[in-house]
Structures are given as C-alpha cells and as structure tokens.
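What follows is a group of structures, each given as structure tokens.
Next, two complexes with chain A in common: one pairs it with chain B, the other with chain C.
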Partner chain A sequence: MNYDFSWIIVERALPKLFDGLLVSLQLTVWANVIGLTAGFLLALCAISRFRVVRWLAVAYIEVFRCTPALIQIVWFYFCVPMIFGVWWSGFLMGVLALGMNLTAFNAEAYRAAIQTVPSSHLDASVALGLGPVVSTLLVVLPQALIIAIPVLMTNAIGIFQQSALVALISVEDLVYQGRILAGETYRPIEILSTVAVFYLAISIPMSQLVGFFESRVARMLGR
Partner chain B sequence: MVDLNFSFVLGYTNVLLAGLLTSIQFVSVAIVLGLSLGFVLSLMRSFGGTILGMIATVFVEVFRGTPVLVLLFWFFFCLPVFFGTDLGGFASAVLALSLYFAAITSETFRSSLKSIEPAQLDACVALGLGAGTRIFRVILPQAVLRAIPNLSSNVVSLFKESALVSAVGLADLMYVGQNIANKEARPIEILTVVALIYFACAFPLTRIAAVIEKKLLKVIKV
Partner chain C sequence: MAFLEVSKLSKNYGVMPVFKDFDLTLEEKDRLVLIGPSGCGKSTFLRCLMGLENISSGDIRLNGNDYISVNPRGRMKLQRQVQKNVGMVFQHYTLFPHFSVLSNLCLAPVYARRMPKAEARDKAMGLLRKFGLAERANYYPSQLSGGQKQRVAIARALMLDPRLMLFDEVTSALDPELVVEVENTMMELAESGMPMLIVTHDMHFARNIATKVAFLEGGRVVEIAPPAELFTQPKEARTKSFLKNILRFEGGDL
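Entry: the complex of A and B
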C-alpha cells in the first residue's frame, strides 16, 4: 500500500472544486430558505384543528420523510417538466426538491418544539385575555423556535450533505466537479479525498455549533 | 396535461422486485456490520479512555460529516487503487453503507448510554460492583433498550441512503427504476411507482418505531 499522493493534482483541482462548493452552498442556502419558512407553515397545518388540513400536512411530511432524497430529486428533474410543461434548470429543480424535502423534516422539528411549550402558558394567555393569534405568535412561537434551533441546524447540515445528490442530475456542484476531475486526471484518491475534506470542513464546525446550541437549550429548558 | 398509463409497470413487476431484493440485501448486510461496529465505537467513546475515545470520535465525525455519495465514490474508485485489486461493486458499496451506519448508530448508542442516570452508577458503587459488572450488567442492557426506537429510525435512513448505490451502477431498486424509465421514456409512472415502493417499505418501519417507542417508554418509566 505505498501510494505516492500527488499534491500538484490537488492544487490544480482546487479552483474547480471551489466553484463546485459555491454551487453546493447556494443549493443549501436556498433549500433552507424554503425549508425554514414552509416547514413552519406546514407544522402549523399539521397541528391544525381542521382534520383535512392536518391529514394533508401529515401525508406530505410522511411521503417526503419515507422516500429517498435521490428519488425525489430524480422525480423532480424528469417529471416536473413533463407534468407542468416547464423547462427549468437542474439547479432550480435541485433547490425545489431539496427545499421540499427539508420542509418535511423541519415541519417535524417545529411540531415537536411546539409541543414542548407547557400548556400552562396557554392557560396563562387565556387568563390574561390574549387572543389565539397573539398567544400563538407571541407566546408559543418564540419559545418553540428557540427549542427547535438545534434540530433545524442539524437538518440544515443534513441538507448540505444531501445536496451532493444533485450531481446525479448534472448540476455542477462539488461532487460533480470532483467526479469529472477524478475521471480526467485518473487520480480519484487525491480528488475524492479533497472533496470529502471540503464537506468535513463545513459539516464539523457546524455540528460543533449545534452542540453549543443544544446545551444552551437544555439549560433553558431546565430552568 | 400528460396522459398517464400505469398498466405497463405491471410488466416489470419481477424486475422491480429483484431490484428491491438487492436493496434489502445491501441494507441487511450494512445493518449487521454497521450495528456491531457502531456499538463498539460508542463503548470506545464512553468508556475507552482518551486515545480510543479520540479515534472513535474522529471516525464518527468523518463518516457523519461526509455525504454518503462521496463515501460511495471514494470506496468505489479509490479502494481498488490502494489494494491493487477490484473489490467488486457490492463489497465497496456495502463497506461505505456499513461505515456510514456505524457512525450514525454509535451516536444513538452513545446518547442512550448518556441517558442513564448517574445515580445508578452511585448505586453500583454502593453495592460494591466491579467496573465490568457495572458496565455489562447494569448500564448496557438499559442503554440497548433505550436505543431501539432511534435505531429503527436509523435503519429507515440507511434504507433511504441505499438508493445511492445506483450511482455506482449497482442494480438496486433505484437503478432498475431509472433504467426502465429511460427505456420506456415514461419516467412519471415508473419513478412514482419506485417512490411508492420505497415508501411502502419505509413507512411501516417508522410506525413500528413509534409503537416501540411508546411501549418502551412505558416499560422504562415503571
């Protein structure tokens, strides 16, 4: 097993890999913009008083949580243009698929967080004469949001990793660039290891941050 | 609006089932290997001292922090270069999935080990139990029980991630589905059916996990 690792290959690959990383990060950010907002609305639907709304929301959540992200992305890429007659770029399809996937996972996180708000707070809101909208928006939500932060961040890291799948629908993200370069240079070890390091360099600090927020939230809940 | 015709999918029932069987094979082998390794890793991190703990931590962080797709490509393209022989697609895919599964289950085991109250350790000391008895007879049985609900959701994640092996050309359900979609030029029907098959396998698993969690919580609370 003595392999001479060629740094020059890595050095030459870096500009392309950085381009790819940028695309991966853009995908992640846009998917999170969708996931954080739509996920919240979906969580509200999932705990709605109206049975039909609740069922639809739960069905959406279960479908997106119980099928592979890969098939969601491939499905979007091939089927959305045929069904709706639109021709969007792979990037946009990727953002949509990843965003809708994240929406389902975030909705669960928000829902679980909303349930940890003690019901006595709602009783207190009633006693203080607050309306349902005010008590939901100003009493329940701020607490639920803070509690949900660690899970939301974990989901964000997860979607950063899932964004690698768009390489399979030819979006030029980090993995796509890595695969092309590995093929061109015949040096898969150098290139693919560098790609892995790129992912780690983002994921590990993020997960440390999650640990920090987790302990803060635990302390807050303990109080 | 496109006209949909799901009837042709019936002709591919056997092929799809064969693909599903391949997926299940990948998942089962990865569960056995990953679960054992994950368990050992969690013990290393919880009781292994500084050096073993560090090794386990680095392993877990690396395999959790890298997308499964990158792991798959890495094992598929790089291992043959290292070892000079072709391991075969099946072995390298199983290896990648197993190591990923080991990393996520070790976190599950670790958090369930952590969930055991320190008072129990104090009780062990008070009863004069040795370190071995303390770990294997008191802490582990409880930790494993508490890990079960999360482990089953880990299995669901693994099953979903197993769709990625199609990217290195292994004939799992996803691969078969994409091939048929290309051949018939009818992606909507076939991809929807494939998605439904995945759903039909994963959804009951999540329900079972929920039931176990409820029952188990009752047992442990008592």
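Entry: the complex of A and C
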C-alpha cells in the first residue's frame, strides 16, 4: 500500500481531539465517583444478613453485568426520558449509565475483597474484645479496600474504554470528535489512529500502575 | 474454688458431637497442655473457652463466675466482662497486616478498653522491649519473620492483662529454627506465673512447660496427669499407643 500519511491532518485535529479527550475523562471520573461509592454500598447490601436486601443487590449486579453497556447507555438515553419524563443532557445520561454499570462491577470487586479477609482475623478480633463495629471498620474493611484497589483500577480503565459508547448518544467525547473529523477531512486513517493512540496513552500508564499496586498489596498482606 | 472449671460441656457440629459432658478443672498455678490425635477437639475446646464457638450445653467458670453458659432455652450466654480475662494466640499469627506492630498492640486496649493512646503506647513499648522487639515497633507484620510475628501476637494478647492465656498450635506454622524463640517467650511467660492452656504437637516442649498434660480423644479427656507421669507411665492403653506412635515419629523418648 502506498498511503501518504499526513501529519498535518493529525496536527490540525489535535485541539478538537483534546476537547473530546477532556469530555471522555470527565465521563470516566464522574462514573468512578458513582461507581466507587455506590459500588461499596451495593457490596455491603450483597453480603447483608437480610435476604431481601441481598436479592435486590444481586439482581442489580446481574442486570448490569449481563447486558451490554451499549444497550444500557442507549436505553438510558431513549427510555428514561419517556418513562420518567426527565430530559437530561446526553452527558448526564452517559455518566449515569456508565456509573451504574461500574457500580455493579465494583460491587463485585468489593464483595470479593471483603470475603478474602481471613475469618481468623475475625476470631482474633473477638479474642481481643473488639466489638463488631470496631472490627468491621478497623480490621475487615481497610484490608478489603487494599485488596480491592487493583481490581477497582482495572474497572476504572474499563469504564474509560466503555465511555466511547456515549458517542452514540451525541456526547462530544473523543470518539465523537474523531468520527466528525474523519468525516470532514476524509482522512479516517490519520484521525482514528490518533484517537486510538489517545486511548492507549491514558490506559497504558494506568494499567502499569495497577501492576505496581498489585505487587504492593501482595507484599503488604504477606502473600 | 478452682480457677477454671468446665463442667458438662457439650458441643455438636450438626449431628456430630465434638464434646459430650466434657469436664476439666484447672488451678491458678496450672499450665495445661492438651495433646491428642487430630480431630479430637483440642483446638475446638480452646475456641469454646474464648467464646468463638457455640456450645450446646454445659458451663465454663473462671474464678467461680459464670463465664460461658447455656440457659434452659438452649441459648448461649457469654459474659464479655469475664471473657475479657482470657487471651488467645492462634496458629497463623492473625496480626492485622495493615497496622504496624505498635498499632496491632494498641488497637484492643484503645478501642475495646478505652485506654488513653499514650498509655497504651507506653505499655506496648514496654512489652516489646521485654520481648526484644522494640526496634520492630514501626514495622509491618509482613516485614517480620514468623517467629517475630508470633511473639508480637503474644504481646498483643498480653496488652489486655489476661488472667488466662490460650495457645492454639502457635508453633505449628513456623520453621523449626523459629520455634525455639516462640517457645522461649512462652517459657518466660510461664515462669512469671501466667496460667496457660496450650495445644501443641511438640511433646518435648509440652513436657518442659506443662504442670499437667491431658490426653484427649473423641471429645473427652482420656487421661490427665503431670507430664513426668503421663509421658513415662501412662495408665490408659490408648495414651500409651498414641505416645508410642508420636515418639517413634519424633525419633526419641522424652
């Protein structure tokens, strides 16, 4: 193939792509704000003593884990306004859909981490006379959070990739800008490759960081 | 009045009885070592004393006070106040990995006993100094050897001034080299007069530290006697065959 890769196209596209990247990052950050907090609460529900609470939590988790994120986003954008009569921007709908999706995955991460804390630590807490509240707050949850960090970060990277789907509900994220520019310039190779490089540039350092944290966690917990 | 009195203790795992009418009496000067084949209920017995297991009937008294008992409706009653007089050390250290050695020691006094932090800290440093671990105070458990971890665990239990210490196979997870340092710490504690209940597979250590040795099988005490007696002239045939097997395995007599 004899293609003349035009760097000038890439250069001219950069400002718009950076605007798009900013939107993608904002989506990711807000989705994580929702996912990290609501996911934690949902995990507590999923291991609750009350059966009904547990069932509801598990049902939520399964619905969001077992349907495509694409459907969730599109459904939010088109169906929520019709059902609930609210007219929110695509960005807000995107954040909500991504956040609720991440909530399900993070809840699983938290739940697994809580259950990884050895039961012998609970025995030791009882032997030391620590009450259930103190041992939950000071013994179990801190260990669980440390164990969960690498998985939560992996999920955060995942939701950054998934955020590309909001281009479909006309949120002006990185992919949206890329597709517009590719159409305007008739230069999809330059533009879409640059978009891919943008995603890589964010995700690769993040996943390196996950590896770093994984080894730190393993060392700290003596495993 | 006996220091520790266990009477008619019964416990089941499902339909499987672990203990049936288990009786045991201990004087304040006693250090009792429990030996017996695995599954005989040694560890479960310690866990019952610590209130970690539910019991189906019977009661456990410390200094004559009802400490763990079962009411007529079959509900277990556990008096925290008395339970707080018992300390326990486990096989797998169970130090909290996200706290430093010093924080591991201070956690229970500060959060369970409302001891002022500075006081807890001083007390912890005093214990660590005594154990030769003072310079490890700010280390994390993962930075310690198994022997050091287990000695920190002992110090952590001692922070609450227990009147009875329970040791559940505390040297079983250790390299042979490190066993000695933990056993020496326990010997020192014994010499200071601490009543102890110890589950171990180390018969030499049992003989050195115990004032009484109990051989358990099938959830009951087969034989209980001072170590010199039990190890050299066991009365029961089952004790004899158990000791014979164990000592042959260890390659020597006591």
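In this text, the second predicted complex is superposed on the first by the 221 of 223 C-alpha atoms of A that agree within 3 Å, B and C clash if a C-alpha of one lies under 4 Å from a C-alpha of the other, contacts with A are read in each partner's own complex, and residues count from 1 in each chain.
One rule holds for everything that comes next: a residue touches a chain if its C-beta (ideal position, glycine included) is under 8 Å from a C-beta of that chain, and two chains touch if they have at least 3 such contacts.
None of these values were measured; they are calculated from a predicted model.
Once the complexes are laid over each other on chain A, chain B and chain C both fit without any clash.
Once the two complexes are laid over each other on the shared chain, residue contacts for A:130 go to chain C alone; chain B is not touched. Annotation for chain A, partner touching more residues between chain B and chain C: B. Contacts of A:193 after superposition on the shared chain: chain B is touched, whereas chain C is not.
When the two complexes are overlaid on their common chain A, residue A:70 makes contact with chain B while staying clear of chain C.
By the touch criterion stated above, A:219 is placed in contact with chain C alone, chain B being left untouched. In the superposed pair of complexes, A:46 makes contact with neither chain B nor chain C.
For the combined model, the angle formed at the CA centre of chain A by lines to the CA centres of chain B and chain C equals 100 degrees after rounding to the nearest 10.
After superposing the two complexes on chain A, the closest approach between C-alpha atoms of chain B and chain C comes to 20 Å. Those residues of chain B lying in contact with chain A across their complex are 1-2, 61-62, 64-71, 73-74, 77-78, 81-83, 156, 160-164, 166-167, 174, 177-178, 181, 187-188, 191-192, 194-195, 198-199, 202-203, 206. On the side of chain A, the complex with chain B involves touching residues 1, 3, 62-63, 65-72, 74-75, 78-79, 82-83, 161-165, 167-168, 175, 178-179, 182, 188-189, 192-193, 195-196, 199-200, 203-204, 207.
Touching chain C in their complex are the following residues of chain A: 118, 120-121, 123-124, 126-131, 134, 138-139, 142-143, 146, 219-222. Per the touch definition, chain C reaches chain A in the complex via residues 47, 50-52, 80, 83-84, 86-88, 90, 92, 94, 96-98, 107-108, 111-113, 140-142, 156-157, 160.
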